[in-house]
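First up is the structure itself, then whatever we jot down about it.
Chain lettering (A, B, C and D) follows the sequence in which the chains are written, and residue indices restart at 1 in each chain.
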Amino acid sequence: MARRIQDRLVDFRRSLHRYPEPSWCEFLTTSRIVDEVEAIGVDELYIGTDALDPEARMGVPNDEELAQWHDRAADRGARADVLDAAAGGLTGLVAVLDRGPGPTVGLRIDIDALRQTESTADGHAPAAGGYRSKTEGVMHACGHDAHTTIGLGTLEAVAESDFSGTFVLFCQPAEEVVGGGRPMAARGHVDKLDHFLALHVGLGHPTGEVVAGADEALSVRQLAAEFAGESAHAGAEPEAGRNVMQAVATATSNLYGIPRNSGGLTRVNVGRADVGSAPNVIASEGRIELEVRGGNDDLREYVADHAYRTLDMAAEMHDCTVETETIATAPREDSNDSLRAVVGDVAVEVSNVDNVVSTAPLGVSEDATYLMRAAKEAGGDASFVVVGTDHPGGHHTATFDVDERTLGIGVDVLSATVERLGD
Amino acid sequence: MARRIQDRLVDFRRSLHRYPEPSWCEFLTTSRIVDEVEAIGVDELYIGTDALDPEARMGVPNDEELAQWHDRAADRGARADVLDAAAGGLTGLVAVLDRGPGPTVGLRIDIDALRQTESTADGHAPAAGGYRSKTEGVMHACGHDAHTTIGLGTLEAVAESDFSGTFVLFCQPAEEVVGGGRPMAARGHVDKLDHFLALHVGLGHPTGEVVAGADEALSVRQLAAEFAGESAHAGAEPEAGRNVMQAVATATSNLYGIPRNSGGLTRVNVGRADVGSAPNVIASEGRIELEVRGGNDDLREYVADHAYRTLDMAAEMHDCTVETETIATAPREDSNDSLRAVVGDVAVEVSNVDNVVSTAPLGVSEDATYLMRAAKEAGGDASFVVVGTDHPGGHHTATFDVDERTLGIGVDVLSATVERLGD
Amino acid sequence: MARRIQDRLVDFRRSLHRYPEPSWCEFLTTSRIVDEVEAIGVDELYIGTDALDPEARMGVPNDEELAQWHDRAADRGARADVLDAAAGGLTGLVAVLDRGPGPTVGLRIDIDALRQTESTADGHAPAAGGYRSKTEGVMHACGHDAHTTIGLGTLEAVAESDFSGTFVLFCQPAEEVVGGGRPMAARGHVDKLDHFLALHVGLGHPTGEVVAGADEALSVRQLAAEFAGESAHAGAEPEAGRNVMQAVATATSNLYGIPRNSGGLTRVNVGRADVGSAPNVIASEGRIELEVRGGNDDLREYVADHAYRTLDMAAEMHDCTVETETIATAPREDSNDSLRAVVGDVAVEVSNVDNVVSTAPLGVSEDATYLMRAAKEAGGDASFVVVGTDHPGGHHTATFDVDERTLGIGVDVLSATVERLGD
Amino acid sequence: MARRIQDRLVDFRRSLHRYPEPSWCEFLTTSRIVDEVEAIGVDELYIGTDALDPEARMGVPNDEELAQWHDRAADRGARADVLDAAAGGLTGLVAVLDRGPGPTVGLRIDIDALRQTESTADGHAPAAGGYRSKTEGVMHACGHDAHTTIGLGTLEAVAESDFSGTFVLFCQPAEEVVGGGRPMAARGHVDKLDHFLALHVGLGHPTGEVVAGADEALSVRQLAAEFAGESAHAGAEPEAGRNVMQAVATATSNLYGIPRNSGGLTRVNVGRADVGSAPNVIASEGRIELEVRGGNDDLREYVADHAYRTLDMAAEMHDCTVETETIATAPREDSNDSLRAVVGDVAVEVSNVDNVVSTAPLGVSEDATYLMRAAKEAGGDASFVVVGTDHPGGHHTATFDVDERTLGIGVDVLSATVERLGD
């Protein structure tokens, strides 16, 4: 890849890195992508309800928060037309490049950031290099800035190539809450594909390594549990309370103790708790957010069943009640050998790729699986491509960063794959 | 008490009830009290740093929150001079009525409200009567609106009586966080007293009952514990986290299990927890607020010692750290028999008082004990007077309310006591 | 008291101390008491089913254990006639001294020991003095050896006095499991009394202090909870187990967290757990023994209700079952002022008594309350007398011991009281 | 296999099944094996310290228990010479059949039973067939009766074949506590082998299936943790105790919450707890037995490190102490491809074998890994052979049983393998 292109990719990725937006709040990001897509030139562009089925969304923040981010994006220069279409959490887009007869090939990238405070350490390149997040408490800590950059780079490369067929770029919102894959699949653009590619960088694979078709995405279910009890003066009448704090503590300790399963990998995590009001009042309300995962959908539900029972019994033990609802889910869906083979064949020829792995366990959850499943059900094939990148901190941590050489490698692997798939 | 006066007291109490302000944020309340005090006419008026020692305050909210309430008070018509003096959480005041030679008698009332959402039930008189809190999430759920009303009514009654001596009204902020008694004691006005009275309504005593000098306030210490661990992707690398959520759950369960003590009453409560960020991230930060209480200061510290160890070990068990700091404390301080006797003698003669109890256990904590202790150390005596009131819901609950007949009874008991103590 | 008598009391107490027997297994002890009672000479002697109602017993060990202690007593020289009558856990006795017309006065002492290993420390007098328990794991750690000695000394003193009336000595088994009071009350001898005295030494009161009529015995309920789940290979199939160990741990942590009660003192303790089989097997069975106490019967049941719910929910949380049964209970029953006054008047005149307290909280549970209640219901009065004794270690600990001067004081106080009550 | 031989195998297995003996107590079992081995005729026979290094044993019961089983074996007719050699827990043996020049081939079988009460259900064949365990609470619930039978059947078959070389049969004790493999490896007989075979039946593989060389034995460490605190009267002085029961409950709940690891499989189980003495005494002593496992030795130690910290902090939280010691460990050691291939080639030709799997994860722990490791370090190769058997209940459960057709299949597969390996 020419040095000049690589420099442009780096600049663009850093500008995204500076302005991270959380799931369903990617208003500025969507606006900037629209700018780029229009500059490259596409034949169809779907935004708002044309890109997503609003009813199928999961994990959408409340209206107040959506409005706050919407306003902030406006302040930072987002386009009015995009803001209008995306209002209320209808972010992301689908762009179609029609290059004549031939197969239809899709690429899905995800665009949202995490609610994570970015490191200020000198050893953290974005901090040292001046492109650390300008929004405290939100951070591109999972590489979606790189994904977005690679996606746009691929669109540009395909547009400039002699690819024959149709290329569809899915810029999906809200992957971090595994909430955006389902509504984008439900809108139906993915049903027209012959081949579907999804992308992730890193995941423990070093720069120069490519996984042609990863498998074993963790099946996941995220839950919110709302506890209710009764408040009382903690000094004067401790016996009059029905203590949500004790219910939550008991639930939490026991959730982590859900038995492991010989059938495969399981996970459980309580990642958020907001309970009670003041030290002298028995807590009467509390909310926790948790997730269960499994090596497949059955294992996930094994953990979920235990979790429901644990929550119910912990509440009842302390004479409280609990209401549990699913925030988000994503299934496991593996790559097809047919498409994995094409990616592998292409990748070995890309410069700076020094190791191509046919498959590897994904190790995380992904709502790209909704799109993969839909594509496969409609008769296409699908592959989840991992482009390795050296990352100093782990995904979802304050010091996560990508090796920017990955940007060019990613564009080269994916655009060459798309071209190979064309007539 | 004349019907007209009673009506005025009720109106004033309801107007306070409508606009509750939490501890250290009583900007509007202080402004309104200044209006009333000036209307009655006093000889000296101390506000801001003249009323409180800022360094001795406990439980003060952060600047942002103080500013928010300060602005809200301004919007609601608080006086600029009071707002200036009270800025930064220097609420409350001390008013002095000099009526010639004779002893100096003090009365302390507290003026803050609780962070509690008020009931909207029809059976809840403030809701039915149209004077429910206009500030969602904050409520006079402990009767401090009645305290303030009775205090001002007493000032007026004393001013209109032939009392000889000096009467000092202490309008103390931040009792609910047991944070205002210490700084008000530290400013020294209480050291000049011969007799010190404090007031509470209700506490399980019905309308018509008066406790001449309550004892056994619970000694209390409120703590904040900040946990720190390390975040990690809960699906991909659970072993890389140092999980604050587990530390908090373990601490909480075990705090409630601190052994009872044969030496007397003990209490422990974790009333607030705010932990972690998102379901798919191992929680790396969390804060809990708790309190320990005892029948005396030693019992309180017995529980506190266990609590510190429990917090430390729970953190270390999960490879996390914890920093604990005291938010507030209040000691136990009992009433003097000398002053209790005077109150009792007076109270039996007050109309609508049908039962006078010499003493009773207070059953709650109170930072009036700082003022009682200071008064006693300076050579005066002190008594904590409880004026009974029928209250449908318990203190600190959404349906707490006072029987408004108590307002007149309180004014009568206290003003008569002050007059009796004068020359 | 003459030196010679005091020496005999000491010798007898030490011989009892050497051969402690647990509740319902006091075969040797009963035999030795029968010897002493016969030597003193009584008019009626009730043993076995004539002393107790077998159906009303609580906390009886299984047949195997009873047989083991029965055999051991035989080996150590217990009388065959007593062993026959007491077989199967019918220990203890009632002795009646008929001294002509006059009131009937009863004294109850308890005779059993605890399952506690006695200290071997040089500082522990029984170890240094050569009369440490000869039965490892069982110990007179609550002073019942002293009670028995004082009871027999009192019988002897009354027999040698000019008391007119009837004196009944109740030697009750199984107090430590609060299991012997109810069946002895049910047999009816206590219904004939005009006055009923019960005795305890120590309880924090020093040598020379006497409590004429203690009150506030803790109401108690002891429970056994049997958990059942399902075993599985902990390595191969962790998901196949239903884990009793987790259920028990969760129950235990939460039992200690049952809220305190503003109505008075509460207690909870899980004192025994026996769970599972081997480290590599998911535990499928477990038994815990716990107790709940309250300042009165209602408070006890408040804790019990929470305990039942906690046990049920902990079991269900881990897909296990639990069966709970009451091992033993004892109510609260206070002393009568009438009898307390007599004891107090007598005690102040006893040599070596330097402080007589009219009443004090008992602070422990006692199944003498069954006998007190029965005596009162039949028209008599009752008092629970505490004879102070300096004790180095606390009751129920390995270094508990009595000050042997207490033996003579106890005999003097009680025999003088009985004589005073006679015509 | 001839019907007559199969019948003899079944009879022998059932006779072993009737008299199970736990780890290190296999006195009768060893005696019976010696009888059989002598009947078959071997050239060398090592028992007692000639078979095991006593210092390297793990998980040996106390002397009293060893003596009890030693006596029971004598009562049931065990040989005096064997009892003498095996006294003190030196059970098991090594038998050598020298058949001239050629390689040395070893086979290890394990002979102990589990502390598990056997089912009495009609559907449980041993119960219905009259060969249920005659020792209540001990059961061959893992098929070691079948292992022993197959081992002896193989010895007989090899003795009767034209195998040239040396065949060594290792009858290892104490596999269930993973305690016998290390001392048998330490004695050195295994160092002389060219090929080492180990055997297990079942493990989820059905009758007719053979795994030629299983891998991925779980690395295991079993721990005992002894807690010490201080007892106190739970009613009178709850604050005076240092409560081991609370420490154990907290440790247990948190042990099950040790984070999963993305590096591979982990396990943790607390399988046994024995805590405290009586419901009215704060527990001052307690012992738990637990185990940690991992997909490899590093993962095992990851869990172990967390377990040590959890135990320490739980104890310290409740002001108790804890001493932890390793009861037993076993590493992971995989099969060699070279030997696996031989077994596979042989097995496909055995009648009644309908499916040969080259390898499979073992899914359990095994101290045969000590012998495998020693054999490999001395230059030989090793394979862990699984002979499938339909088993109604899971391993280590009350209804475990083997399909007796497996006995003949096992003898055929192993004897044919030994013969193939000979010159």
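Following the convention adopted for this analysis, a contact is a pair of C-beta atoms (placed from the backbone, for glycine too) under 8 Å apart; a residue touches a chain by one contact, two chains touch by 3 or more.
Computed from a predicted model, the values in this text were never measured in an experiment.
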A-B against B-D, pair bridged by the larger set of C-beta contacts: A-B
Reference interface A-D: repeating pair among A-C, B-C or C-D with over half of contacts shared: B-C
Farthest chain (mean CA position) relative to subunit D: B
For subunit A paired with subunit B, centre-to-centre distance based on mean C-alpha positions, whole Å: 48
Centre-to-centre distance between subunit D and subunit B (centres being mean Cα positions), rounded to whole Å: 67
Residues of subunit A touching at least two other chains: 236-238, 246, 250, 253-254, 256-257, 259-260, 262, 267, 363
Partner subunit D, residues of subunit B touching it in the complex: 236-239, 241, 243, 246, 250, 253-254, 257, 259-263, 302, 309-310, 313-314, 316-319
Sites on subunit A touched by subunit B in the complex: 114-116, 176-177, 203-204, 218, 220, 222-223, 230-238, 240, 245-246, 248-250, 252-253, 256, 267, 269-283, 286, 289-291, 293, 327, 363-365, 394-398
In the complex, subunit C residues that touch subunit B: 253-254, 256-257, 259-260, 262, 265-267, 363
